[in-house]
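What follows is a set of structures to go through.
In the two assemblies presented below, chain A is common to both, partnered first by chain B and then by chain C.
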Partner chain A sequence: MHAWTWFLQRISAVILVIVLGLHIGFLHFSNGGESLNYTDIMARLKTPIFISLDILLLIFGLYHALYGLYSVFLDFDSGKKEKIVVFGFLVTMGLSFLGFGIFGLICTFC
Partner chain B sequence: MIDIVMAHSSRLSHRSQMWDATGMWAWILHRITGLGLVFYILLHTILMGISLLSGKEGFDATLSVLMDNPVFELLDIMLLGAVLYHGFNGIRILLFDVGIGISIKSQKNIFRIFMGVAAILWFWSIALKLG
Partner chain C sequence: MSDPLYVKVFRFNPASDVAPKFDHFEVPVFNNMAILDVVMHIQNYMDRSLSFRFSCRIGMCGSCAMYVNGRARLACRTQVSALKTRNITIMPLPNFPIIRDLVVDMEPFFQKWKEIKPYYLPKKEIDEPVVIRPDSKEREFIDDMLDCISCGCCYSACSMVATNKEYLGPAALNRAYTLIADKRDAIRVERLKVVDRSYGVWRCHTQFNCAEVCPKNIVPTRSIQNLKRRCVLKKFGIFK
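So, the complex of A and B:
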């Protein structure tokens, strides 16, 4: 399993370079340096491209971040039981943040 | 006497190797920026989620604090620096994984070039933000 999760860490890194680059570019620099407001964000979130971009960012950003945190934990010589507990905690945390993030993005229009 | 000189020389050489180790510092900084970014993405998800759900007034109030406060502007600049460093060093690691630039000399050169590009992008972004 570790080989696959490690490989997905690399895949998520490649995707993040593109998706995060677009996110920063569109949100912070596309408006001539002027900050966006609620109306601008809502107009953007109504387009399939922007909502997909944000959801992809959430999925791969959270995976990359939390698996990175797990990799730091693996550097310490921990027992099998501790590894399972930490892995389970990070998976639960990741899914909770993903659920809340998607809920926040989509339910803005509810 | 020769033994003492050699032992001293070896210690100096070891210390010099340690402080010259670009890869070691690149790795340490990758870890530090990574941990900072983990903290940020979790905070950003919660804050943006709550702000979006609180409606126009709540969202605009949050955004005005984040965008107009000099402390948050400074943190934003530092965040961008961390993202650029972590991203470009990450690309270097990916290239290494697929067998590009394996030698120590290539690694150092790739690192210097990538850090140069990251620094240019960072200063350009700061100029755009403050200009």
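So, the complex of A and C:
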């Protein structure tokens, strides 16, 4: 399990750099120097490409952050029971945030 | 005559002392003086009960490792002048049980060393001697990592060892890598299984504390990262 999760942590890090780069690029450099306004931003956020980008950011951001948190927890040398509880809690939290995030993105902008 | 050294030495005898203490000594300085000379001077002329371990005096045996001014070092290879201070604090290596004063019990360290089976087992089908190309990148890397003298400096500096006594530690993992990377070895996969566990390679957080203190300039973190990659390759069925 460790090999897979460690590998995914590396993959998610690379994807985050790319997706965050695109996200920041879209937000700050695709505006042609004009001042931002609400209507333009909402129109942009509704595009499938931007929604897909944000969903990717959500998935990989959550995985990267929560697995990082779990790695820190493992350093405390806890018992097997505590590990299962924390793992379950983090998975539940991750899936809930993912659900909320995707629901928010799709319902608000579609 | 130059100013003496003000040396603070950790003292503890678990058999008779309730708690550790520090003794203070003023030690005269001479040219090219090493930390080993300092503790030998204390033992010869000031306090014969001071305990410490040493053997070769030339940085080969790894037995004189101590915690000098906040850092694990070989006492025989650490010049007093390199510390750039007259105040010296000498303590036993952290992360080891103390036997007495500056002498630590290396048993936990070598127990982990044994776990990875630190000896080469040749494949049956290989006829010795094997030709190894001098320009082999793999061999160059292995050769660099073979300089380890098992002094325990890396083990004492590792914060992961400090928080978890089961963690194999940088020296054992580095040794494991030198054997796993050697294609002539017969039990590479078995060895990889030993290190592919929570308290094996996966506890390393690449802090490089081990590399920072290694008296042989080895970077065990590199070996550990290579081991992690091989564990992933094994999952994909690429490493055999």
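To be clear about the criterion, the second predicted complex is superposed on the first by the 97 of 110 C-alpha atoms of A that agree within 3 Å, B and C clash if a C-alpha of one lies under 4 Å from a C-alpha of the other, contacts with A are read in each partner's own complex, and residues count from 1 in each chain.
Methods note: contacts are C-beta pairs under 8 Å (C-beta built on N, C-alpha and C of every residue); 3 or more make two chains touch, one makes a residue touch a chain.
Computed from a prediction, not measured in an experiment: that's the story for all the values here.
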Practice item. Considering only the touch criterion stated at the top, classify A:Leu69 as touching first (chain B), second (chain C), both, or neither. Key: first
Practice item. Please work out whether A:Gly88 is in contact with chain B alone, chain C alone, both, or neither, and reply first, second, both or neither. Key: neither
Exercise for review: Identify the partner contact of A:Thr108: answer first if only chain B is touched, second if only chain C is, both if each is, neither if none is.
Suggested key: first
Exercise for review: Look at A:Asp77 in the shared chain and tell me whether it touches chain B only, chain C only, both, or neither; answer first, second, both or neither.
Suggested key: second
Check your understanding: When the two structures are overlaid on chain A, which partner does A:Phe7 contact: first (chain B), second (chain C), both, or neither?
Key -> second
Check your understanding: Among the partners chain B and chain C, which is in contact with a greater number of residues of chain A?
Key -> B
Study note, to complete from the structure: chain A positions within both the chain B interface and the chain C interface are none
Review point. Hey, which residues of chain A end up touching chain B in the complex?
Key: 10, 13-14, 16-17, 20-21, 24, 28-29, 33, 35-39, 41, 58, 61-62, 65-66, 68-69, 72, 97, 100-101, 103-105, 107-108
Study note, to complete from the structure: In the complex, the residues of chain A that touch chain C are 2-4, 6-7, 71, 74-77
**Study point:** Contacting residues of chain C [partner chain A, same complex]
**Key:** 160, 163-164, 166, 196-198, 202-203, 205, 228, 231-232, 234-235
**Study point:** Contact footprint of chain A on chain B as seen in their complex
**Key:** 31, 34-35, 37-38, 41-42, 45-46, 48-50, 52-53, 55-56, 59-60, 63-64, 67-68, 80, 83, 87, 90-91, 94, 97, 125, 128-129, 131
